[in-house]
Amino acid sequence: MQIAKVIGTTVSTIKDQTLGGRKLLILRQTDVDGVPYGKPYVAVDTLDAGVGDLVLTAHGSSGRMTELTKNRPIDAVIMAVVDHLEIRNQVTYRKE
Amino acid sequence: MQIAKVIGTTVSTIKDQTLGGRKLLILRQTDVDGVPYGKPYVAVDTLDAGVGDLVLTAHGSSGRMTELTKNRPIDAVIMAVVDHLEIRNQVTYRKE
Amino acid sequence: MQIAKVIGTTVSTIKDQTLGGRKLLILRQTDVDGVPYGKPYVAVDTLDAGVGDLVLTAHGSSGRMTELTKNRPIDAVIMAVVDHLEIRNQVTYRKE
Amino acid sequence: MQIAKVIGTTVSTIKDQTLGGRKLLILRQTDVDGVPYGKPYVAVDTLDAGVGDLVLTAHGSSGRMTELTKNRPIDAVIMAVVDHLEIRNQVTYRKE
Amino acid sequence: MQIAKVIGTTVSTIKDQTLGGRKLLILRQTDVDGVPYGKPYVAVDTLDAGVGDLVLTAHGSSGRMTELTKNRPIDAVIMAVVDHLEIRNQVTYRKE
(Lines give C-alpha, C1' and ligand atoms only; values in the text may rest on other atoms or scores of the structure.)
Protein backbone atom coordinates (compact mmCIF):
# COMPACT_ATOMS: atom_id res chain seq x y z
CA MET A 1 0.00 0.00 0.00
CA GLN A 2 1.02 3.58 -0.54
CA ILE A 3 0.79 6.33 2.06
CA ALA A 4 -1.01 9.20 0.31
CA LYS A 5 -2.77 12.48 0.97
CA VAL A 6 -6.18 13.26 -0.50
CA ILE A 7 -5.76 16.54 -2.38
CA GLY A 8 -8.85 16.87 -4.55
CA THR A 9 -11.81 15.48 -6.44
CA THR A 10 -12.73 14.55 -10.01
CA VAL A 11 -16.07 14.95 -11.77
CA SER A 12 -16.98 12.85 -14.82
CA THR A 13 -20.31 12.61 -16.63
CA ILE A 14 -19.08 10.12 -19.22
CA LYS A 15 -17.74 7.04 -17.48
CA ASP A 16 -17.95 3.26 -17.38
CA GLN A 17 -21.58 2.45 -16.56
CA THR A 18 -20.63 0.24 -13.63
CA LEU A 19 -19.06 3.12 -11.72
CA GLY A 20 -22.32 4.78 -10.66
CA GLY A 21 -21.79 7.51 -8.10
CA ARG A 22 -18.55 6.18 -6.64
CA LYS A 23 -16.30 8.99 -5.40
CA LEU A 24 -13.04 9.32 -7.33
CA LEU A 25 -10.49 11.29 -5.29
CA ILE A 26 -7.14 12.74 -6.33
CA LEU A 27 -4.15 11.81 -4.18
CA ARG A 28 -0.43 12.28 -3.98
CA GLN A 29 1.92 9.83 -2.32
CA THR A 30 3.57 11.16 0.86
CA ASP A 31 6.58 10.44 3.00
CA VAL A 32 6.10 9.33 6.63
CA ASP A 33 5.54 12.93 7.73
CA GLY A 34 2.49 13.27 5.49
CA VAL A 35 4.04 15.78 3.07
CA PRO A 36 2.94 14.93 -0.49
CA TYR A 37 5.32 14.54 -3.42
CA GLY A 38 5.27 12.94 -6.83
CA LYS A 39 2.51 12.84 -9.42
CA PRO A 40 -1.23 12.77 -8.69
CA TYR A 41 -3.31 9.63 -9.09
CA VAL A 42 -6.97 8.77 -8.60
CA ALA A 43 -8.49 6.21 -6.23
CA VAL A 44 -12.03 5.22 -5.28
CA ASP A 45 -13.08 6.29 -1.82
CA THR A 46 -15.06 3.70 0.16
CA LEU A 47 -14.46 5.22 3.61
CA ASP A 48 -15.74 8.79 3.32
CA ALA A 49 -12.23 10.19 3.38
CA GLY A 50 -11.96 13.92 2.89
CA VAL A 51 -9.52 16.33 1.27
CA GLY A 52 -6.54 16.65 3.61
CA ASP A 53 -6.80 13.14 5.05
CA LEU A 54 -3.78 10.86 5.03
CA VAL A 55 -4.81 7.41 3.77
CA LEU A 56 -3.48 4.06 2.56
CA THR A 57 -4.31 2.98 -0.99
CA ALA A 58 -4.23 -0.55 -2.41
CA HIS A 59 -3.44 -0.94 -6.09
CA GLY A 60 -3.97 -3.29 -9.01
CA SER A 61 -6.40 -6.18 -8.60
CA SER A 62 -6.27 -5.55 -4.82
CA GLY A 63 -8.08 -2.29 -5.52
CA ARG A 64 -11.10 -4.37 -6.51
CA MET A 65 -11.31 -6.31 -3.22
CA THR A 66 -14.02 -4.16 -1.62
CA GLU A 67 -17.80 -4.28 -1.91
CA LEU A 68 -17.84 -1.01 -3.86
CA THR A 69 -15.07 -1.79 -6.32
CA LYS A 70 -15.30 -5.47 -7.23
CA ASN A 71 -15.59 -6.39 -10.93
CA ARG A 72 -15.16 -2.76 -11.96
CA PRO A 73 -12.43 -1.04 -14.03
CA ILE A 74 -10.84 0.37 -10.88
CA ASP A 75 -7.16 -0.08 -10.00
CA ALA A 76 -6.80 1.88 -6.76
CA VAL A 77 -8.89 2.11 -3.59
CA ILE A 78 -8.56 3.87 -0.26
CA MET A 79 -8.53 1.03 2.28
CA ALA A 80 -7.63 2.90 5.49
CA VAL A 81 -7.59 6.44 6.89
CA VAL A 82 -4.41 6.98 8.88
CA ASP A 83 -4.69 8.07 12.53
CA HIS A 84 -0.99 8.18 13.10
CA LEU A 85 2.33 6.91 11.78
CA GLU A 86 5.19 5.95 14.04
CA ILE A 87 8.80 5.51 12.95
CA ARG A 88 11.18 3.92 15.46
CA ASN A 89 8.92 4.89 18.39
CA GLN A 90 8.50 8.49 17.23
CA VAL A 91 5.17 9.75 15.93
CA THR A 92 5.86 11.34 12.53
CA TYR A 93 2.24 12.10 11.62
CA ARG A 94 -0.93 12.46 13.67
CA LYS A 95 -4.41 13.23 12.28
CA GLU A 96 -5.64 16.59 13.48
CA MET B 1 -6.13 5.42 -12.01
CA GLN B 2 -3.95 7.83 -13.92
CA ILE B 3 -5.05 11.26 -15.12
CA ALA B 4 -4.08 11.39 -18.80
CA LYS B 5 -4.62 13.34 -21.99
CA VAL B 6 -5.53 11.64 -25.25
CA ILE B 7 -2.90 12.79 -27.76
CA GLY B 8 -3.25 10.45 -30.73
CA THR B 9 -4.26 7.22 -32.37
CA THR B 10 -2.66 3.94 -33.47
CA VAL B 11 -3.47 1.84 -36.52
CA SER B 12 -2.57 -1.87 -36.66
CA THR B 13 -3.52 -4.43 -39.30
CA ILE B 14 -1.72 -7.32 -37.61
CA LYS B 15 -3.05 -7.75 -34.08
CA ASP B 16 -4.45 -10.30 -31.66
CA GLN B 17 -7.60 -11.66 -33.29
CA THR B 18 -9.76 -10.90 -30.25
CA LEU B 19 -9.15 -7.15 -30.55
CA GLY B 20 -11.47 -6.58 -33.51
CA GLY B 21 -12.05 -2.90 -34.21
CA ARG B 22 -11.41 -1.64 -30.67
CA LYS B 23 -9.94 1.87 -30.70
CA LEU B 24 -6.39 2.07 -29.32
CA LEU B 25 -5.57 5.64 -28.31
CA ILE B 26 -2.22 7.18 -27.35
CA LEU B 27 -2.12 9.07 -24.05
CA ARG B 28 0.29 10.89 -21.80
CA GLN B 29 -0.15 11.20 -18.06
CA THR B 30 -0.90 14.76 -16.86
CA ASP B 31 -0.69 16.77 -13.70
CA VAL B 32 -3.90 18.19 -12.14
CA ASP B 33 -3.88 21.08 -14.61
CA GLY B 34 -4.15 18.74 -17.58
CA VAL B 35 -0.68 19.43 -18.96
CA PRO B 36 0.85 16.17 -20.24
CA TYR B 37 4.30 14.91 -19.28
CA GLY B 38 6.12 11.62 -19.30
CA LYS B 39 6.14 8.85 -21.89
CA PRO B 40 3.22 7.89 -24.14
CA TYR B 41 1.16 4.76 -23.54
CA VAL B 42 -1.78 3.14 -25.28
CA ALA B 43 -5.24 2.37 -23.84
CA VAL B 44 -8.48 1.02 -25.26
CA ASP B 45 -11.24 3.57 -25.60
CA THR B 46 -14.70 2.39 -24.58
CA LEU B 47 -16.26 5.85 -24.12
CA ASP B 48 -15.74 7.57 -27.48
CA ALA B 49 -13.10 9.84 -26.05
CA GLY B 50 -11.38 12.12 -28.55
CA VAL B 51 -7.92 13.59 -29.01
CA GLY B 52 -7.55 16.43 -26.52
CA ASP B 53 -9.84 14.92 -23.88
CA LEU B 54 -8.61 14.50 -20.32
CA VAL B 55 -9.49 11.00 -19.08
CA LEU B 56 -8.86 8.49 -16.31
CA THR B 57 -7.24 5.16 -17.23
CA ALA B 58 -7.33 1.91 -15.23
CA HIS B 59 -4.37 -0.42 -15.59
CA GLY B 60 -3.41 -4.08 -15.27
CA SER B 61 -6.18 -6.63 -14.82
CA SER B 62 -8.53 -3.73 -13.98
CA GLY B 63 -8.16 -2.67 -17.62
CA ARG B 64 -10.07 -5.82 -18.54
CA MET B 65 -13.13 -5.10 -16.36
CA THR B 66 -15.29 -3.62 -19.13
CA GLU B 67 -17.54 -5.30 -21.68
CA LEU B 68 -15.17 -4.39 -24.52
CA THR B 69 -11.92 -5.46 -22.89
CA LYS B 70 -12.62 -8.60 -20.85
CA ASN B 71 -10.52 -11.69 -21.58
CA ARG B 72 -8.35 -9.78 -24.05
CA PRO B 73 -4.61 -8.94 -24.01
CA ILE B 74 -5.34 -5.39 -22.92
CA ASP B 75 -3.75 -3.75 -19.87
CA ALA B 76 -5.16 -0.21 -19.94
CA VAL B 77 -8.64 1.21 -20.52
CA ILE B 78 -10.20 4.65 -20.45
CA MET B 79 -12.87 4.39 -17.75
CA ALA B 80 -13.94 8.05 -17.40
CA VAL B 81 -13.76 11.33 -19.32
CA VAL B 82 -12.94 14.17 -16.93
CA ASP B 83 -15.31 17.14 -16.75
CA HIS B 84 -13.30 18.96 -14.15
CA LEU B 85 -10.67 18.49 -11.47
CA GLU B 86 -10.72 20.38 -8.20
CA ILE B 87 -7.79 20.72 -5.80
CA ARG B 88 -8.51 22.15 -2.35
CA ASN B 89 -11.70 23.86 -3.63
CA GLN B 90 -10.04 25.36 -6.70
CA VAL B 91 -10.86 24.14 -10.18
CA THR B 92 -7.53 23.25 -11.83
CA TYR B 93 -8.97 21.82 -15.07
CA ARG B 94 -12.31 22.21 -16.82
CA LYS B 95 -13.32 20.54 -20.09
CA GLU B 96 -13.87 23.09 -22.84
CA MET C 1 0.04 -0.99 -23.52
CA GLN C 2 3.55 0.20 -24.26
CA ILE C 3 4.77 1.31 -27.68
CA ALA C 4 8.01 -0.61 -28.25
CA LYS C 5 10.51 -1.56 -30.91
CA VAL C 6 11.66 -5.14 -31.39
CA ILE C 7 15.46 -5.01 -31.19
CA GLY C 8 16.57 -8.61 -30.76
CA THR C 9 16.05 -12.21 -29.78
CA THR C 10 16.80 -14.51 -26.83
CA VAL C 11 17.74 -18.18 -26.90
CA SER C 12 17.25 -20.41 -23.84
CA THR C 13 17.67 -24.17 -23.57
CA ILE C 14 16.74 -24.34 -19.89
CA LYS C 15 13.28 -22.86 -19.41
CA ASP C 16 9.88 -23.50 -17.87
CA GLN C 17 8.58 -26.65 -19.57
CA THR C 18 5.31 -24.99 -20.59
CA LEU C 19 7.09 -22.45 -22.81
CA GLY C 20 7.86 -24.85 -25.66
CA GLY C 21 9.13 -23.05 -28.75
CA ARG C 22 7.48 -19.70 -28.07
CA LYS C 23 9.55 -16.82 -29.46
CA LEU C 24 10.94 -14.49 -26.79
CA LEU C 25 11.87 -11.13 -28.33
CA ILE C 26 13.83 -8.24 -26.83
CA LEU C 27 12.19 -4.81 -27.00
CA ARG C 28 12.76 -1.26 -25.93
CA GLN C 29 9.94 1.20 -25.26
CA THR C 30 9.78 4.07 -27.79
CA ASP C 31 8.32 7.53 -28.01
CA VAL C 32 5.63 8.29 -30.64
CA ASP C 33 8.28 8.64 -33.34
CA GLY C 34 9.45 5.06 -32.87
CA VAL C 35 12.85 5.91 -31.43
CA PRO C 36 13.68 3.49 -28.62
CA TYR C 37 14.83 4.53 -25.15
CA GLY C 38 14.97 3.01 -21.70
CA LYS C 39 15.91 -0.49 -20.64
CA PRO C 40 15.30 -3.66 -22.65
CA TYR C 41 12.58 -6.14 -21.75
CA VAL C 42 11.38 -9.44 -23.17
CA ALA C 43 7.93 -10.32 -24.52
CA VAL C 44 6.41 -13.34 -26.22
CA ASP C 45 5.70 -12.88 -29.91
CA THR C 46 2.38 -14.31 -31.10
CA LEU C 47 2.16 -12.29 -34.34
CA ASP C 48 5.39 -13.11 -36.18
CA ALA C 49 6.81 -9.68 -35.50
CA GLY C 50 10.37 -9.12 -36.68
CA VAL C 51 13.37 -7.16 -35.49
CA GLY C 52 12.78 -3.51 -36.37
CA ASP C 53 8.99 -3.66 -36.07
CA LEU C 54 7.15 -1.20 -33.86
CA VAL C 55 4.62 -3.06 -31.72
CA LEU C 56 2.29 -2.73 -28.73
CA THR C 57 2.91 -4.94 -25.70
CA ALA C 58 0.43 -5.86 -22.96
CA HIS C 59 1.84 -6.54 -19.50
CA GLY C 60 1.06 -8.41 -16.30
CA SER C 61 -1.84 -10.86 -16.29
CA SER C 62 -3.01 -9.27 -19.56
CA GLY C 63 0.10 -10.77 -21.15
CA ARG C 64 -1.48 -14.18 -20.60
CA MET C 65 -4.72 -13.41 -22.46
CA THR C 66 -3.70 -15.04 -25.76
CA GLU C 67 -3.90 -18.64 -26.93
CA LEU C 68 -0.11 -18.96 -26.83
CA THR C 69 0.50 -17.42 -23.43
CA LYS C 70 -2.36 -18.46 -21.14
CA ASN C 71 -1.49 -20.21 -17.88
CA ARG C 72 2.23 -19.73 -18.48
CA PRO C 73 4.87 -17.75 -16.51
CA ILE C 74 4.76 -14.94 -19.07
CA ASP C 75 4.17 -11.29 -18.16
CA ALA C 76 4.43 -9.50 -21.52
CA VAL C 77 3.06 -10.23 -24.99
CA ILE C 78 3.11 -8.46 -28.35
CA MET C 79 -0.58 -7.88 -29.11
CA ALA C 80 -0.35 -5.61 -32.20
CA VAL C 81 2.16 -4.60 -34.87
CA VAL C 82 1.91 -0.85 -35.49
CA ASP C 83 1.19 0.38 -39.04
CA HIS C 84 1.24 4.02 -38.11
CA LEU C 85 0.92 6.41 -35.19
CA GLU C 86 -0.80 9.76 -35.48
CA ILE C 87 -0.49 12.62 -32.99
CA ARG C 88 -2.90 15.54 -33.37
CA ASN C 89 -3.52 14.67 -37.06
CA GLN C 90 0.17 14.30 -37.90
CA VAL C 91 1.69 10.94 -38.71
CA THR C 92 4.69 10.52 -36.40
CA TYR C 93 5.56 6.94 -37.39
CA ARG C 94 4.78 4.83 -40.43
CA LYS C 95 5.89 1.22 -41.00
CA GLU C 96 8.26 0.97 -43.95
CA MET D 1 10.00 -9.76 -4.08
CA GLN D 2 11.61 -6.67 -2.65
CA ILE D 3 14.23 -6.66 0.10
CA ALA D 4 12.98 -4.14 2.66
CA LYS D 5 13.51 -2.95 6.21
CA VAL D 6 10.63 -2.53 8.65
CA ILE D 7 10.85 1.06 9.89
CA GLY D 8 7.54 1.75 11.59
CA THR D 9 3.86 1.16 12.19
CA THR D 10 0.52 2.64 11.13
CA VAL D 11 -2.65 3.01 13.18
CA SER D 12 -6.07 3.39 11.52
CA THR D 13 -9.51 3.39 13.13
CA ILE D 14 -11.39 3.86 9.87
CA LYS D 15 -10.49 1.05 7.49
CA ASP D 16 -11.97 -1.60 5.22
CA GLN D 17 -14.05 -3.83 7.49
CA THR D 18 -12.29 -6.99 6.30
CA LEU D 19 -8.92 -5.84 7.67
CA GLY D 20 -9.69 -6.50 11.33
CA GLY D 21 -6.60 -6.22 13.52
CA ARG D 22 -4.03 -7.06 10.83
CA LYS D 23 -0.73 -5.30 11.47
CA LEU D 24 0.19 -2.74 8.80
CA LEU D 25 3.91 -2.00 8.92
CA ILE D 26 5.90 0.74 7.17
CA LEU D 27 8.92 -0.38 5.16
CA ARG D 28 11.62 0.99 2.92
CA GLN D 29 13.32 -1.01 0.21
CA THR D 30 17.01 -1.74 0.90
CA ASP D 31 20.10 -2.70 -1.00
CA VAL D 32 21.82 -6.03 -0.27
CA ASP D 33 23.53 -4.55 2.79
CA GLY D 34 20.21 -3.77 4.44
CA VAL D 35 20.50 0.01 4.22
CA PRO D 36 17.09 1.49 3.34
CA TYR D 37 16.50 3.96 0.52
CA GLY D 38 13.58 5.16 -1.53
CA LYS D 39 10.03 5.95 -0.47
CA PRO D 40 8.12 4.24 2.34
CA TYR D 41 5.35 1.73 1.65
CA VAL D 42 3.01 -0.32 3.80
CA ALA D 43 2.67 -4.12 3.94
CA VAL D 44 0.68 -6.53 6.08
CA ASP D 45 2.73 -8.49 8.57
CA THR D 46 1.83 -12.18 8.89
CA LEU D 47 5.09 -13.29 10.52
CA ASP D 48 5.40 -11.13 13.64
CA ALA D 49 8.21 -9.12 12.09
CA GLY D 50 9.45 -6.20 14.17
CA VAL D 51 10.82 -2.74 13.51
CA GLY D 52 14.42 -3.14 12.37
CA ASP D 53 13.92 -6.54 10.73
CA LEU D 54 14.98 -7.09 7.14
CA VAL D 55 12.20 -8.87 5.25
CA LEU D 56 10.99 -9.87 1.79
CA THR D 57 7.67 -8.45 0.56
CA ALA D 58 5.46 -9.85 -2.21
CA HIS D 59 3.33 -7.37 -4.15
CA GLY D 60 0.16 -7.15 -6.18
CA SER D 61 -2.19 -10.12 -6.24
CA SER D 62 0.66 -12.21 -4.76
CA GLY D 63 0.25 -10.12 -1.60
CA ARG D 64 -3.11 -11.83 -1.12
CA MET D 65 -1.78 -15.40 -1.21
CA THR D 66 -1.63 -15.90 2.56
CA GLU D 67 -4.28 -16.98 5.03
CA LEU D 68 -4.39 -13.51 6.58
CA THR D 69 -4.57 -11.48 3.37
CA LYS D 70 -6.71 -13.41 0.89
CA ASN D 71 -9.73 -11.63 -0.64
CA ARG D 72 -8.79 -8.37 1.06
CA PRO D 73 -7.79 -4.96 -0.37
CA ILE D 74 -4.13 -5.63 0.40
CA ASP D 75 -1.35 -5.36 -2.20
CA ALA D 76 1.79 -6.12 -0.19
CA VAL D 77 2.67 -8.75 2.40
CA ILE D 78 5.78 -9.71 4.35
CA MET D 79 6.44 -13.32 3.27
CA ALA D 80 9.87 -13.93 4.84
CA VAL D 81 12.15 -12.50 7.53
CA VAL D 82 15.74 -12.46 6.27
CA ASP D 83 18.40 -14.27 8.30
CA HIS D 84 21.20 -13.40 5.95
CA LEU D 85 21.96 -12.30 2.41
CA GLU D 86 24.96 -13.55 0.50
CA ILE D 87 26.37 -11.97 -2.67
CA ARG D 88 28.99 -13.97 -4.58
CA ASN D 89 29.86 -16.01 -1.46
CA GLN D 90 30.16 -12.98 0.81
CA VAL D 91 27.64 -12.30 3.54
CA THR D 92 26.39 -8.73 3.02
CA TYR D 93 23.73 -8.77 5.76
CA ARG D 94 23.21 -10.90 8.87
CA LYS D 95 20.35 -10.57 11.35
CA GLU D 96 21.60 -9.51 14.76
CA MET E 1 10.02 -10.37 -18.61
CA GLN E 2 13.16 -8.76 -17.30
CA ILE E 3 16.68 -9.76 -18.27
CA ALA E 4 18.56 -10.20 -14.98
CA LYS E 5 21.71 -11.62 -13.48
CA VAL E 6 21.66 -13.89 -10.45
CA ILE E 7 23.98 -12.24 -7.91
CA GLY E 8 23.25 -13.97 -4.63
CA THR E 9 21.09 -15.94 -2.24
CA THR E 10 18.79 -15.30 0.72
CA VAL E 11 18.27 -17.44 3.81
CA SER E 12 15.12 -17.16 5.94
CA THR E 13 13.99 -19.35 8.84
CA ILE E 14 10.76 -17.43 9.44
CA LYS E 15 8.68 -17.42 6.26
CA ASP E 16 5.23 -18.13 4.90
CA GLN E 17 4.59 -21.81 5.62
CA THR E 18 3.74 -22.57 1.99
CA LEU E 19 7.23 -21.65 0.80
CA GLY E 20 8.96 -24.80 2.03
CA GLY E 21 12.51 -25.09 0.73
CA ARG E 22 12.03 -23.04 -2.43
CA LYS E 23 15.25 -21.24 -3.40
CA LEU E 24 15.00 -17.45 -3.22
CA LEU E 25 17.74 -15.84 -5.32
CA ILE E 26 18.86 -12.21 -5.49
CA LEU E 27 19.03 -10.64 -8.95
CA ARG E 28 19.76 -7.37 -10.64
CA GLN E 29 18.28 -6.35 -13.97
CA THR E 30 20.84 -6.13 -16.81
CA ASP E 31 21.17 -4.51 -20.19
CA VAL E 32 21.53 -6.69 -23.32
CA ASP E 33 25.22 -7.21 -22.60
CA GLY E 34 24.50 -8.86 -19.26
CA VAL E 35 25.95 -6.09 -17.10
CA PRO E 36 23.73 -5.58 -14.04
CA TYR E 37 22.37 -2.22 -12.91
CA GLY E 38 19.55 -0.96 -10.73
CA LYS E 39 18.31 -2.26 -7.40
CA PRO E 40 18.33 -5.91 -6.30
CA TYR E 41 15.17 -8.01 -6.18
CA VAL E 42 14.35 -11.56 -5.20
CA ALA E 43 12.82 -14.32 -7.36
CA VAL E 44 12.08 -17.99 -6.86
CA ASP E 45 14.34 -20.31 -8.79
CA THR E 46 12.60 -23.29 -10.42
CA LEU E 47 15.37 -24.11 -12.93
CA ASP E 48 18.47 -24.65 -10.79
CA ALA E 49 19.99 -21.38 -11.93
CA GLY E 50 23.24 -20.42 -10.27
CA VAL E 51 24.97 -17.23 -9.19
CA GLY E 52 26.37 -15.59 -12.33
CA ASP E 53 23.67 -16.92 -14.69
CA LEU E 54 21.74 -14.54 -16.90
CA VAL E 55 18.03 -15.34 -16.69
CA LEU E 56 14.56 -14.07 -17.55
CA THR E 57 12.13 -13.35 -14.70
CA ALA E 58 8.33 -13.12 -14.91
CA HIS E 59 6.59 -10.84 -12.43
CA GLY E 60 3.27 -10.32 -10.69
CA SER E 61 0.63 -13.03 -10.98
CA SER E 62 2.68 -14.51 -13.85
CA GLY E 63 5.31 -15.37 -11.25
CA ARG E 64 2.83 -17.89 -9.83
CA MET E 65 2.30 -19.78 -13.11
CA THR E 66 4.75 -22.61 -12.36
CA GLU E 67 4.31 -25.85 -10.43
CA LEU E 68 6.55 -24.59 -7.64
CA THR E 69 5.05 -21.14 -7.21
CA LYS E 70 1.28 -21.44 -7.72
CA ASN E 71 -1.00 -20.17 -4.94
CA ARG E 72 1.95 -18.84 -2.97
CA PRO E 73 2.90 -15.28 -1.91
CA ILE E 74 5.50 -15.09 -4.68
CA ASP E 75 5.64 -12.28 -7.24
CA ALA E 76 8.73 -13.15 -9.31
CA VAL E 77 10.04 -16.37 -10.83
CA ILE E 78 12.98 -17.34 -13.01
CA MET E 79 11.35 -18.81 -16.13
CA ALA E 80 14.37 -19.19 -18.44
CA VAL E 81 18.17 -19.32 -18.27
CA VAL E 82 19.63 -17.30 -21.15
CA ASP E 83 22.02 -19.04 -23.56
CA HIS E 84 22.57 -16.00 -25.68
CA LEU E 85 21.08 -12.63 -26.61
CA GLU E 86 21.25 -11.23 -30.11
CA ILE E 87 20.61 -7.60 -31.05
CA ARG E 88 20.25 -6.82 -34.76
CA ASN E 89 22.15 -9.99 -35.73
CA GLN E 90 24.99 -9.40 -33.28
CA VAL E 91 25.47 -11.59 -30.24
CA THR E 92 25.65 -9.25 -27.23
CA TYR E 93 25.77 -11.96 -24.53
CA ARG E 94 26.72 -15.63 -24.57
CA LYS E 95 26.70 -17.99 -21.58
CA GLU E 96 30.18 -19.18 -20.74
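Note that the chains take the letters A, B, C, D and E in the order they are written out, and that residue 1 is the start of every chain.
One rule holds in what follows: contacts are C-beta pairs under 8 Å (C-beta built on N, C-alpha and C of every residue); 3 or more make two chains touch, one makes a residue touch a chain.
Just so you know, these numbers come straight off a predicted model, no measurement behind them.
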Steps needed, at minimum, to go from chain A to chain D via contacts: 1
Computed distance of Cα centres, chain C from chain B, in Å: 20
Mean-CA-position distance for chain E and chain B (Å): 33
For chain A, residues that touch 2 or more chains besides their own: 60-61, 63
Ring path (origin chain B; first step to chain C): B, C, E, D, A
Contact set on chain D toward chain E in their complex: 1-3, 29, 31-32, 46-49, 56, 58-63, 65-66, 69, 77, 79-89, 92
Touching residues (chain side chain D, partner chain A) in the complex: 7-16, 18-19, 24, 26, 39-43, 51, 60-61, 63-64, 71-76
